[in-house]
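Beneath this line is the structure, given in structure tokens, with notes to follow.
So that you can tell them apart, the chains are marked A, B, C, D, E and F in the order they are listed, and the count of residues begins at 1 in each.
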Amino acid sequence: MQTHPKKRIEIVVEYPALRRLLDRLDRAQVTGYTVVPALAGRGHDGLWSSEGLAGDAGRMMMVICITDPARLDPVLEEVYAVVARHIGIVTISDVQVIRSDHF
Amino acid sequence: MQTHPKKRIEIVVEYPALRRLLDRLDRAQVTGYTVVPALAGRGHDGLWSSEGLAGDAGRMMMVICITDPARLDPVLEEVYAVVARHIGIVTISDVQVIRSDHF
Amino acid sequence: MQTHPKKRIEIVVEYPALRRLLDRLDRAQVTGYTVVPALAGRGHDGLWSSEGLAGDAGRMMMVICITDPARLDPVLEEVYAVVARHIGIVTISDVQVIRSDHF
Amino acid sequence: MSLVDLAAQNLLSPMVLFFALGLAAALARSDLTVPEAVAKTLALYLMLSIGFKGGVEVAANGITLRMIGVMGVGIVLSFALPVIGFLILRAVSGLSTVDAAAVAAHYGSISIVTFIAATEIVRGQNLPFEGYIVAVAAVMETPAILSALLLARSGQPSRNGNEGLGPLLHEVGLNGSVVMLVGSFLIGWATGPKGLQMIAPFIVDPFRGVLCLFLLDMGLVAGRGMREGARHLSAPVLGFGIVMPLISAALATLAIWPLGLSLGGAALFVTLAASASYIAVPAAMRLALPEAKPAIYLTLSLGVTFPFNLSLGIPLYLALAGLVAE
Amino acid sequence: MSLVDLAAQNLLSPMVLFFALGLAAALARSDLTVPEAVAKTLALYLMLSIGFKGGVEVAANGITLRMIGVMGVGIVLSFALPVIGFLILRAVSGLSTVDAAAVAAHYGSISIVTFIAATEIVRGQNLPFEGYIVAVAAVMETPAILSALLLARSGQPSRNGNEGLGPLLHEVGLNGSVVMLVGSFLIGWATGPKGLQMIAPFIVDPFRGVLCLFLLDMGLVAGRGMREGARHLSAPVLGFGIVMPLISAALATLAIWPLGLSLGGAALFVTLAASASYIAVPAAMRLALPEAKPAIYLTLSLGVTFPFNLSLGIPLYLALAGLVAE
Amino acid sequence: MSLVDLAAQNLLSPMVLFFALGLAAALARSDLTVPEAVAKTLALYLMLSIGFKGGVEVAANGITLRMIGVMGVGIVLSFALPVIGFLILRAVSGLSTVDAAAVAAHYGSISIVTFIAATEIVRGQNLPFEGYIVAVAAVMETPAILSALLLARSGQPSRNGNEGLGPLLHEVGLNGSVVMLVGSFLIGWATGPKGLQMIAPFIVDPFRGVLCLFLLDMGLVAGRGMREGARHLSAPVLGFGIVMPLISAALATLAIWPLGLSLGGAALFVTLAASASYIAVPAAMRLALPEAKPAIYLTLSLGVTFPFNLSLGIPLYLALAGLVAE
């Protein structure tokens, strides 16, 4: 099958900042994103786990966004504006997709 | 450590079509797959969130399948047969594994 | 934006072995990791699903760890020490990050 | 009690108010949510409870000819209502064949939560009702799906192709909510009042409170759906979401006339006909008619028809039932 | 009953013991956990129940001038206490301006679970209390957040920049737990004792048992926090977690004196002032002051102040209230 | 009541029927499921409730020499039964040393849900039983794991190497379900009947209904396991899943003879011996003996022995107990 190169951005971010991050992605006009729950983790800010939490502070989410290489930089800038102030990380990788027009 | 190249297929698909997708993967004789829950997302078909849903329509799942590069095309064809009709996306990326025979 | 190459290790492992795996990652002095729940899957050891399980045996988790290419091998050795004896798989891929010092 | 009094009293019940709270919270973009795992379990609980209690009453009263008659009428209505709905939609709305068929399927099938809300209102008026109405609800869930598939195919060359009707029927018939409802009904039937007594503190006493929590969740989901889905609904489609239940109710009232149901039972039967599925049918439509847009049928069923039925519809159906019941 | 007897009796209540069990299990690194979805739902349940019951009592007793007075005092305290806390922290601890402001916000706001535990203790002494105290709890949740923001900005040039106060107020005011508490209060008010009777087997009878399960979970989370977060807390900060509640309690006792609350009501009011938020404020701080370290404020509020209040604080506040109540 | 009557009555109880419903649904590939978070919580609830109630009865009756004797016999059995099971498996099945040891561990340990189901049956016959039997259940959970490890090592050179016994004992002893059971027992003991009265509407009244929901879930999981795991079980292994409980029951009946337990207590003790773990031991085996195939031990314990005990086993053990009880 013919495939087309895209970029996959993977963001791990604290839950209270999620809505802001998604608003930023909308603003950057990405064609879509998917949110996956994270259960636990460790980073510079220490260990965390969502087990037993009744509130939102202290939970993390993973957001995956497939975007065109040409639009990577503006999207990263919006993402970075949120993640720089909040607890979280960003990674970028190369992927292939089948229907290029979808993204 | 010595590693071997494989392909990683990542599929985001609506929950009601999950069983069909997995049957297709079985048919394509992949050696395995892993299903990860998705919480929310946006795409051409709009925003969705699984929060509060009592039914299955309106939820999405993420399926990850590691496969041999040589068998990528037949697997993609099976995957595409489901995803083309349903709400969902497919991405392919390069990965390395340690035990080649496992996949 | 300037980006730096890192390695992304993705591990699917049975839940009872998770604590050991994370201890090993700590021992290998990775800067962090994220744990994502898996819902169901299939591999050489057959089908599994966490639906309805009251206990921990029979569930799987996905662990994602971003690490420096220079430290990939020692990390993989620790990971392998756990996964070789337990149900699970390991894949490695290339990613880019923005802040190199964070990892 | 007059229809207006009944409606007013219903609007001020904790059930309706918790639904309204959820609706308002979602429309105001509050982050209030009920976790998915809990929403699913509350639905299982409601079906376990309503099914079990229905079965216990059948155990106490036995199978009657009337019961079989009512079930038969229910099945016929579930087959027939989608055809009427489909024709109306094709006439007045711009929906495609497939979308019209998918929407129509929801209105031929039933909403178990609307039904449960109606049982609480009926009980609040101290009206007894036939326990087997739960079984009627169960048999009315799926025929509408078949009707809709035939209607959808009428409009287009068969390209459902690779997935046959067999697997679909299996998936729909063994859908979790159907299994839970029917299974609990059979267990209630088998164990009778003695079984009920054993588990009543779980399935009877806290029932209404659990229903309030579930309705809060439904309000949240409906509100979110209205926010996202409203732009997919044209005025004629919106109107359909109110008018179709009234048509279904009228037909059901006529159909049930000769059968001599009690007032409570007739009100519940009319409510079933007027209600629109929001769990089983949407999932079936995603499988059988994936081309149909879920934003239309989900928003209409959950965001328009359900609130209408819960607030004004059920009191009205009770009044309608009064015209034909014993 | 003497203070010592009351404290001893409280320490042996199932509530406190289940919290202790959770704490011990987490400190011993047991893998006991309550799933997140369930913990969230238990919190919703507690707020639904406490809000609804409060509303029902207001329905029965009407709005009084005293009620308005108590709410006013509560709002003033919620604004003022963070200032006091902030000044103390800046004087005795090495915390940065932002960290001190964030910690202080928690102590100006309230903990609904501490409040609920106090209602159970008050009820255990057969003391009635004013139903509107729940509304007081609701209005005391957010003013402290505003105070803290102003305090934090006093220390640094405004770089909160791109996200204004408007969206923040929206997110805080429509926070799920606030909506649930206030919404249930209003529904209880609207439906009154008749509504309560309908859902009492769900929201009243099992309430204490559910509270035990929730406190077990809080113990688990608090213990985990103590294990991870202890190294972030210096001795002065730790001390603040005990002393600040006492200061707040003393001020609240004085402030409430002229208002003539019942003994039960006064004890609950003092408890509110002395309690520290652990759900709404932490989430608001992550949005408004992301530079503040959550390891400090979460560990202090949940790992130090909450256990202190639950075990020794509440009996003490009840004794304090005895000095000024009618 | 005759054994046949008792078995028939048990087979028609809501508990057994809900388990059967789950089993049937899973075997028919229905998509009915109980969310994992809820299944875990139902298990916690059952352990909280059974532990607390046991502790309350010990508080009422005090510690007796008999209690210590029964606990001692329980510990000895938990150590000894795996040895017997292991020898049988090695003789009749083709299982490897490690697989045989892992399976045997499950049969030396206990199943708390089987125990709970037995308490309901015993209670249904109006038979009182000793409250401390819950503590006996707790002490019988882990010795079997140690036995199995020694057995497994007997067959192979020690390559468990890098992970010592210490961490394993910690993980097993502080396993969430053990902590919940023992902790609740101690809290029940500390608070006594007064504590029970406070939370009875949560832990006593709805108990049986919650048990039904949990058994539905166990049926679903067992059915799924049977579908996937059946091909891993040879005829001799399947037979072991029925015969071993009978052997354990017979030995327990003899062992308990001199101790003068009540009929209810003896029936529960025999049930404990005959039951096979399906939560604590599988998790321990994944850690201690990862080479052992979970498809074998999980399928056998949950898919064969549990249904047998729930339906026919418990009535039989009650009859057995009748031979030796006071």
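In the analysis below, contacts are C-beta pairs under 8 Å (C-beta built on N, C-alpha and C of every residue); 3 or more make two chains touch, one makes a residue touch a chain.
What you see is a predicted model, and the numbers here were worked out from it, not measured in a lab.
**Q** Would you mind naming the chains that touch subunit B and likewise touch subunit C?
**A** A
**Q** Treat touching chains as neighbours: how many steps, at the fewest, connect subunit A to subunit D?
**A** Steps on the shortest route: 2.
**Q** At the interface of subunit E with subunit F, does the proportion of residue numbers present on both copies reach over half, so same, or stay under half, so different?
**A** Different, since under half the interface numbering is common to both chains.
**Q** If every chain is reduced to the average of its C-alpha atoms, which one ends up farthest from subunit B?
**A** E
**Q** Find the geometric centre of each of subunit A and subunit B from their Cα atoms only, then give the gap between the two centres in Å, rounded to an integer.
**A** That gives a centre separation of 19 Å.
**Q** Could you tell me the distance, in whole angstrom, between the mean C-alpha positions of subunit A and subunit E?
**A** 34
**Q** Measuring centre to centre with CA averages, how many angstrom lie between subunit B and subunit F?
**A** Centres of subunit B and subunit F (C-alpha means) sit 38 Å apart.
**Q** Can you list the subunit E residues in contact with two or more other chains?
**A** 31, 33-38, 40, 171, 205-206, in rising order.
**Q** For subunit C, what residues touch not just one other chain but two or more?
**A** In subunit C, 19, 36-37, 56, 93-94 touch at least two other chains.
**Q** Could you run through all the chain pairs that touch each other?
**A** A-B, A-C, A-E, B-C, B-D, C-F, D-E, D-F, E-F
**Q** Show me the residue ranges of subunit E that touch subunit D in the complex, using the header's touch definition.
**A** By the definition above, subunit E touches subunit D via 35-38, 40-41, 44-45, 48, 52, 170-171, 174-176, 179-180, 183-184, 186-187, 190-191, 195, 198-203, 205-206.
**Q** If you look only at subunit F, which of its residues touch subunit D in the complex?
**A** Residues in contact with subunit D: 12-14, 17-18, 21, 24-25, 28-38, 205-210, 212-213, 216.
**Q** Across the complex, what residues on subunit C touch subunit A?
**A** 1, 3, 6, 8, 22, 26, 31-37, 61, 66, 93-98, 102-103
**Q** Which residues of subunit B touch subunit D in the complex?
**A** Going through subunit B, the ones touching subunit D are 14, 16-17, 19-20, 45-47, 49-59, 81, 85-87.
**Q** Over in the complex, which subunit F residues touch subunit C? Could you list them?
**A** On the subunit F side, the touching residues are 33-36, 39-40, 42-43, 162-163, 171, 177, 214, 217-218, 220-221, 224, 228-229, 278-280, 282-283, 285-287, 290-291, 293-295, 298.
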